[in-house]
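What follows is subunit A paired twice: with subunit B in the first complex and subunit C in the second.
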Partner chain A sequence: MIYEGKQKIWKDYQKEIPDDHWYYVRSCIRQNFFPASERKFTDITRNDLGKDVYETPYHTTCGGIAYHCDAIPQETAMTIVARQFALMTESGYENYVPSCVTSFGNYVEILETWREFPELETRIREQLWKACRREFNKPKYLAHTSDLIYHWRNEIAEKARYRLIDKETGEPVRMAEHIGCHYAKMFPSKGIGGAEYPYVLAGMIESWGGQVVDYPERRHCCGYGFRQYHMKANRGYCVSNTHKKFESMEPYGIQAILTNCPGCCYFMDRWQYVISEQTGKTYGKDGFGIPVFTYEELAGLVLGYDPWDLGLQLHQVAVEPFLDRIGVEYDPKAKYLGLNKEDLLKPELPTNLKCF
Partner chain B sequence: MKENVVIIGGGIAGMEAARQLLLLGYHPIVVEQKDRLGGHVGQWHRLFPDMASAQDLIRGLGEEISDANIFLETKVNSINRLRDGYQVMLSNGVNVACRSLLVASGFQLFDAARKEEYGYGVYDHVITNSDLEAWFNGKPDVRIPEVPENVGFVHCVGSRDLKAGNLECSKVCCMTAVKQAIEIKEKFPSARVWCFYMDLRLFGKKYEDFYLGAQQEYGIQFVRGRVSEVGETADGRLQVKAEDTLTGKPLRVRLDLLVLMAGMACNPEMTRLARMARLDIDSDGFLKSLDNIRSINASNRPGIFFAGACTGPKTVPETLAEARAAALDIHRYLQKGL
Partner chain C sequence: MNHLFEELEKDYRFKEGYHSCINCGTCTAVCPAAEFYRYDPRKIVDIVQTRDDRQIEELLSSDTIWYCGECMSCLTRCPRKNGPGLVIMALRDLSIRTGLFTRSEKGRQMLPLTRTFSRNILEFGYCVYPETFDWNDHKESGPVWKWHMDHLEKSLERLGANYKGDGPGVLRRIPQESLDELKAIFDVTGATERISLVEKYSQQKAEEMGMSLEEYEKKAFEYSSDKHFNE
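Moving on, here comes the complex of A and B:
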């Protein structure tokens, strides 16, 4: 691997990211998959970094999930997006940051389509006006939340309580990065580092002390692929793709995976349980799996947030070996206590995948 | 006194045209940016389909144009229109007045690093057709393993590629891949060699025989399908994913060496010249011939002619034939003012 070759490509795929004043929209599925990640994004950006990140409870889904499942036509998704932009405009913002990678891809695709076909934008404006008497400005800047964490990665590193360093060996933690398809594969120029050798997550790992490890199936789909999962008959194909990735990863001693897509994080985490039940195989050390993190979770960990406040107890793969590796302090007994210390009850443990 | 004809470009087109113009009694002045004549062919090892030596071709042409005035490491700074010709100012301070000019500025090899999915410049064992020719000519290359067991060739890298902004077929890559695959098999008889193609455009004399020989005598595998991505394995080998469109199945192979058949792209120097001499540029970015049937050597400017790959991808025999035709066109123009 020629690292300088990658650096040259990374230089070609950078984008302008304003340092402050962002209008934030949440994901419709992340709240269920990893409920603390979005909350911690606002905590980290507002409280730790002192940024103006505004959100309104009136926003909805962007329609991207239905569009990519072929449940709604693009024009419907466009009108939903037009309303989202209207809310941003009414709030006095011009920098738009969605939390979901599919939303980001959806917004980019719609803005690019309107650029190519202005008459379509005019029609959507008319439809929005007829539907809810709203008008909108298009965002001046559009970024994904992982772009913002990337943009502020060095500020986070300066405030970090922990580094991605194995406290026993002093070696950087070996991490794989996995971007969602909708982040850059549709429009490589819109993603930091492009689509083939993306840098958005690799940059965070490097800034926080870890080592990025490449493996042959790095670019392969996580397995989710929308219709691969949402059509029940295709779920075998969904898990077989995830299995392919983990088989490819196996020889590289990868200790954690960082993702920026709700689906990737969820399926690479949950399918490790399914693979272990089906094949008896696990991919971490000593019968554990390989933990899969969102970038908010990893940022929260290095900043010293309590792992259970970050929602890490909701991961299928046990995160404790990773926390021990980088020396994060935590109370094992508090893992399944809710916000008010109410006992959430311990889940049933898998047969083969070691968990606590 | 013999009449000057300025030839811009010292590749095979410029050299062959200079040879013909000398024979016709003119004084050709060859202007070449590099420190040697021969252009891309000068870097090549053997030429299809007869496996003739490229060096012998360049040497032969060079000997026959020893009476021409040759300026190496020289650029054209400006071209000004005179009443009955042009004044060409060169970067070495020489000014030439001439009634006719030949543009033979050739092409530029497509930058294979732009096809990021193939990993040129990122993975250790990915090279281009040009790199392989240099290695055949004796230039050491650490990217080429001592004894590669599995070698792949990817056709159409940056050719017929809308996304890369290069829609033209580069014409020579299919046959070059077949030739290079055979040369690899000759050097490493036990190697398995794969060619990944989208179409095989084997249109010239003996090309089809050459292709059949590659399959029957050398056992080269031709896979109709494009490579989707290249990755690197733990032992530093390459994992190549492609689709075999004839069997309708995805394909994954481990290779020790991958050769990218980088296509012909228009030369940026040509664009600069076009601006200077007010020459028309075609929709594909190459120089625009007056027409593409009877006047392929003629430009939109009086007395300025074209030869070779400055108007689009060409094979070596086509380039040489065009250079001879251009020399005759120039002769006719200078004799009759046509």
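Moving on, here comes the complex of A and C:
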């Protein structure tokens, strides 16, 4: 592609991101599976970067997962979201940041549908009033939490204690990124870099010293599929799609994966364990897996947070080889300790996937 | 019920995702569901565009419409700006409203799905919640998750969560007045009615299959016949 053409496409997918004053809503999946990432988002943005990121206890699920499992009607999902917007409005904010790709996709879809069909927005406003006696303004800016970490990536790099550089070889760490389907596949213009050249994660990896590695199935779905995971009978769908990605990645010497969506992060970690149990195969070096990180985990590591404060002990794929590679100092014996060093025993070890 | 095609046309996802299809198969080429199941989104859009209610009814009664993972990869790639994934959402909605979902193995999963998510949302305010995540049903979450669940409160406390606590924070207790608002939203927007509908049709089907509703739910959740898969 000629350079100017590419520049033009890229320009279409830039997105204006205000530098401060965000109304923050949490993710169901992340609070369950990556509780420390959610905690660190507020710690990093408020304490390290000095930003105003506001949360009210009254917000709830956005309903996105139930909606994509077809368990609630579209108007229910829309009215739950309208209530979230009302809470933002009542709190005096206009920049809205959800902490989940499913949520982000849900918000974008709803706002776009209302733009196209204003009569539906009117109807949802009436339903919200009837159910909750609330009114709302639509957000002036909508960003995903990773958009904000991307926006502040250079400030994070300036404060960094570690870089994504192999301390033995001095080479950049070879990383894959996985964007998550609902970030930009439905409305490419709403994500940084669009669906074709998504840059939100690649930008973080590059500014923290790593190298982004391409592979053929880079844009393939992780295989979550909503009902395909939540129903035990369907989970073969999920593991098959993750398997396809890892097989495609294998020849490229990928040392870690950065993800955008909590589902993808969880599945790409856990299905490596399942594949190792089922077939004996592992994708990292020496019987280890390839560690998969959230963007807060990676930002936190770079900033010098303790890996166990970042919740890396909740990954099934051992993260220690990665920590050693970039030279993070940590106490291996503290991995599974509770608060005040309380002994909480240890998880059992998988059969084939090497762990500590 | 009006003609099925007319019903589909009222759905906003259908309005957004259904235009004329040129049968190019691009959607099927990128589809993760087609990777695994005997599934071809191209065919679904093609059947719908016949506007033939008999064929649409067959679709609504079949396993086919439940294979999609709603990833929307098809939407990005379709040269005609169709979204087979969006068309599927409209078809599923109609299958639920007409009760036809109980005719297929995958459609019958609507009972456990509706029960799980409506309970999680209305009782806790979350789509997923630790108390309803049974490790024995989720062994893929690994031994590390078993450890976490065995030490749930302490592990969450260690990570700075506010599990069941007041005020903001990770896994905080959602205040009762917010849960009441969610219930009111369910009542006003048709979710409560949807729950009764799924229960009613599932109960009828369970009787027809000679099972208790609990047996029916368990089977829908965990049993898979092998007719669904690609070679």
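The criterion applied here is as follows: the second predicted complex is superposed on the first by the 344 of 356 C-alpha atoms of A that agree within 3 Å, B and C clash if a C-alpha of one lies under 4 Å from a C-alpha of the other, contacts with A are read in each partner's own complex, and residues count from 1 in each chain.
In this text, contacts are C-beta pairs under 8 Å (C-beta built on N, C-alpha and C of every residue); 3 or more make two chains touch, one makes a residue touch a chain.
Note that this is a predicted model, so its numbers are computed, not measured.
Trainee: Determine, under the contact definition given at the top, whether A:Gly300 touches first (subunit B), second (subunit C), both, or neither.
Mentor: So A:Gly300 meets neither subunit B nor subunit C here.
Trainee: Of the two partners subunit B and subunit C, indicate the one touching more residues belonging to subunit A.
Mentor: C
Trainee: A:Tyr252 contacts which: subunit B (first), subunit C (second), both, neither?
Mentor: first
Trainee: With the two complexes superposed on chain A, say which partner A:Pro216 touches: subunit B (first), subunit C (second), both, or neither.
Mentor: first
Trainee: Determine, under the contact definition given at the top, whether A:Gly63 touches first (subunit B), second (subunit C), both, or neither.
Mentor: Only subunit C is touched by A:Gly63; subunit B is not.
Trainee: Between subunit B and subunit C, whom does A:Tyr197 touch in the aligned arrangement: first, second, both, or neither?
Mentor: First partner only.
Trainee: Could you say whether A:Leu344 touches subunit B, subunit C, both of them, or neither, answering first, second, both or neither?
Mentor: A:Leu344 contacts subunit C only, not subunit B.
Trainee: Just to be sure I read the superposition right, which of the two partners does A:Phe226 touch: subunit B = first, subunit C = second, or both, or neither?
Mentor: second
Trainee: Identify the overlap between the subunit B-contacting and the subunit C-contacting residues of subunit A.
Mentor: Residues 195, 219 of subunit A touch both subunit B and subunit C.
Trainee: Can you check the complex and tell me which residues of subunit A touch subunit B?
Mentor: 1-2, 5-6, 8-9, 194-197, 214-219, 251-252
Trainee: Would you pull the subunit C residues touching subunit A in the complex into a rising list?
Mentor: For subunit C paired with subunit A, touching residues are 11-13, 15-16, 32-33, 35-37, 66-73, 75-76, 83, 89, 92-93, 96, 106, 109-110, 112-114, 116-118, 120-121, 125-130, 133, 137, 140-148, 151, 154-161, 166-172, 174-175, 177-179, 181-182, 184-191, 194, 220-224, 229.
Trainee: Over in the complex, which subunit A residues touch subunit C? Could you list them?
Mentor: Touching subunit C: residues 26, 28-29, 31-32, 35-36, 38-39, 43, 55-61, 63-66, 68-76, 78-80, 83, 105, 113, 116-117, 120, 127-128, 130-132, 181-182, 185-186, 188, 195, 219-221, 223-228, 230-237, 239-241, 244, 270-271, 273-274, 308-309, 311, 313-316, 336-339, 342, 344-350, 355 of subunit A.
Trainee: Any idea which subunit B residues touch subunit A in the complex?
Mentor: 113, 116-117, 119, 121-124, 229, 231-234, 239
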